[in-house]
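Got a structure for you, questions after.
Naming follows writing order (A, B and C), and every chain is counted from residue 1.
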């Protein structure tokens, strides 16, 4: 039972990283991206291939994983983000499928549907983290989540965050205020991809194997649900959403009903969450953060 | 001479595939024309329609003999169409209509939710195994010169042509068709002119979904049916709609056929590995967005400032 | 001195000519009115001058430089700001934040997002910048007397204040030239009067103003010079009194008198 809760918390962390990235794209810029699974896959495979085939240290593969995912983000972002937001949804949906397609077919590098096994375990300060050392992993993953949270939260309160929100609210007005909207949209998209790439790295060294089957469209939908359920445009809410969705996801196993409840049940539930939230509570459980500024001159910058 | 035969062979296959894409693309383009949003659940409505058609067909097939089985096929197609039309209308009422005044993102997210619900319910109740429609009749190919064409391909092409022509006539000639065009041009003005916009939207969903079901049953005949088929099929058909010019009915037809041809010739002539066939549509999308984002027959739309 | 001018600017949509060979000028330091019946092409001309739309033919010059076809954000950065006919505020942001967005490109060099990613420890600098932007935003709110609404969401402001906020946001970009697209639309006479005073105050800051307006009382009162468009063509230019007496203008507004 405790072990199970730890597992849920570890996956909450991995998904929270992805969800924070999605929040920048969807919550801040108001764009629908459907491919966190694709970027997660790129991150996972980067770490897997670099460490298994080329013997790299995990810590070196992480930035490569993030940057490679971001590079692919820019690649799909540039042609689509100049245009209306809708096309991004389709392009990203296609991209996710194609990543899986390539992973399945490019046998010489990705080992096809069987995937890559025996990824070396991570060493932190000489201490080896096996998948059984759940406390250790929990700490590792949540260090990343906290660092990610601090950076994203800062970003949100910076001029870039304001620019992104302005684009979401009214792109034409934003561009008339001197904001290079395409540049910021591509940046946001790359950041979202980067954090999913890093999450992929972490997932690879936790599961010690990667297969194309673990990067389905459902992963992207779960991430989207986390953002929608918690509250778009609010990083704390998104982490809460990540926990709730992971909890729902593992609930049948947690209560020992996994034989009774079919696996599709939770997925139907995720779909329902999207529809129901949009209709009754589009702002999510916690809602958007509204940053009020004290009109008095005291310590102006804080909220 | 051999390559000439090959060429016509691929042309035939490409047209069949493209015709199916075109039928699906019509649904995307009609809804986009009126509501300016991508109905992500469209592919899944197609999936449900093809399952229903398949079940009805399996149910009555045992009762009929020989040439009558083609009637059984059309009957199951009709049932599939009606069911999908009702499903499409219901989805619109429940999941999209309350969101018409909401942000752009809301109906998109709701549509994705619906899509996910449908495909997983299907997997839950009908299993994930893929199925195929039993042939209504002997499918041994006929030969025109050396080019082979199967009776099913003829059937598919015939259905596609009939559907397209009737849709075109419907939209151009009937009162409801005119109301649909007016609504897509300017919803508010259409409302002022006494057009019942809600009803027009409902009918649009019904027609689009029925066309999707038709395509779904043709897919069941030629390829196969499985719960998650809607995602890729829908994605490609949407690309077809964008290529042709989103919002344009003729564009959807042109775009669908073009995409079918590109996929067939891409694999056959350009040597793109079959496993990566699905990437063709995606590459086509990126290219069209870079070069001519309004599509072949679409009009560049500019947001009013 | 001419601050901005168009030379034979034409914009057609398919077969429809929205703006036809218009050569418009805005003199530095003056308030220029752009008037004409509905559909005369005024907003289209605005959009072509501010980079939101591409002219079919013709040129736009700002401070003698050709800016035709520049993107909207570039044009804004050169010192041209604008408001919109149908108010386009950032509705879900607070009043202050709306104005802070206007400061965006004025604060670019100090804190860029690249640094935000790498340097975890520069909170202090960020706060300092934040305070500065905030203070500047507040200054513009005070200019319009909007500071009591500072923390309201923009969408919750009364209509007249929304129009003012849009102008405040535009002014925050420190423009040399300000375009106002029907600033008095939907205002009551009292609000219009205070708007007129505000526009004069803006001119007194040394900012050149070009405005589209249907309220003739406002136009005739505060504009130094007026250009008239009709069916996409520039039919008259002159001082308010010249325009008032121009038979072409009267005809455009009232229609030709039957003989």
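Methods note: a residue touches a chain if its C-beta (ideal position, glycine included) is under 8 Å from a C-beta of that chain, and two chains touch if they have at least 3 such contacts.
Remember, predicted model here, so these are calculated numbers, not experimental data.
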Practice task
Considering only mean CA positions as chain centres, point out the chain farthest from subunit B.
Solution key: C
Handout entry: Most centrally placed chain, judged by C-alpha centres
Key = A
Exercise for the section: Could you give the separation in Å between the centres of subunit A and subunit C, each centre being the mean of its C-alpha atoms? Expected result: 40
Problem - Gap in Å, rounded to a whole number, between the CA centres of subunit B and subunit A - result: 32
Exercise for the section: Mind checking the centre-to-centre distance between subunit B and subunit C? Centres are C-alpha means, answer in whole Å. Expected result: 46
Handout entry: For subunit A, residues contacting two or more additional chains
Key = 172
Exercise for the section: Pull out every residue in subunit B that's touching 2 or more other chains. Expected result: 305
Practice task
Find every residue in subunit C that makes contact with two or more other chains and list them.
Solution key: 52, 84
Exercise for the section: Report the residues of subunit A in contact with subunit C in the complex, numbered from low to high. Expected result: 147, 150-151, 154-155, 157-160, 162-163, 165-166, 169-170, 172-181, 187, 288, 290-293, 295, 297, 299-302
Handout entry: Residue numbers on subunit A that touch subunit B, as the complex places them
Key = 26, 30, 32, 34, 76, 79-80, 83, 85-87, 89-91, 93-95, 97-98, 101-102, 104-105, 172, 217-218, 221, 224, 228, 262, 264-265, 267-268, 270-275, 277-279, 282
Handout entry: Residue numbers on subunit C that touch subunit A, as the complex places them
Key = 50-52, 71-73, 76-77, 81-82, 84, 88-94, 96-97, 100-105, 107-108, 111, 113, 116-117, 120, 123, 126-131, 133-135, 138, 147, 150-151, 153, 169-170, 173
Handout entry: Contact footprint of subunit A on subunit B as seen in their complex
Key = 37-38, 40, 94-95, 98-99, 102-110, 112-118, 120-121, 123-124, 231-232, 235, 238-239, 242, 273, 275-276, 278-279, 281-282, 285-286, 289-290, 293, 303, 305
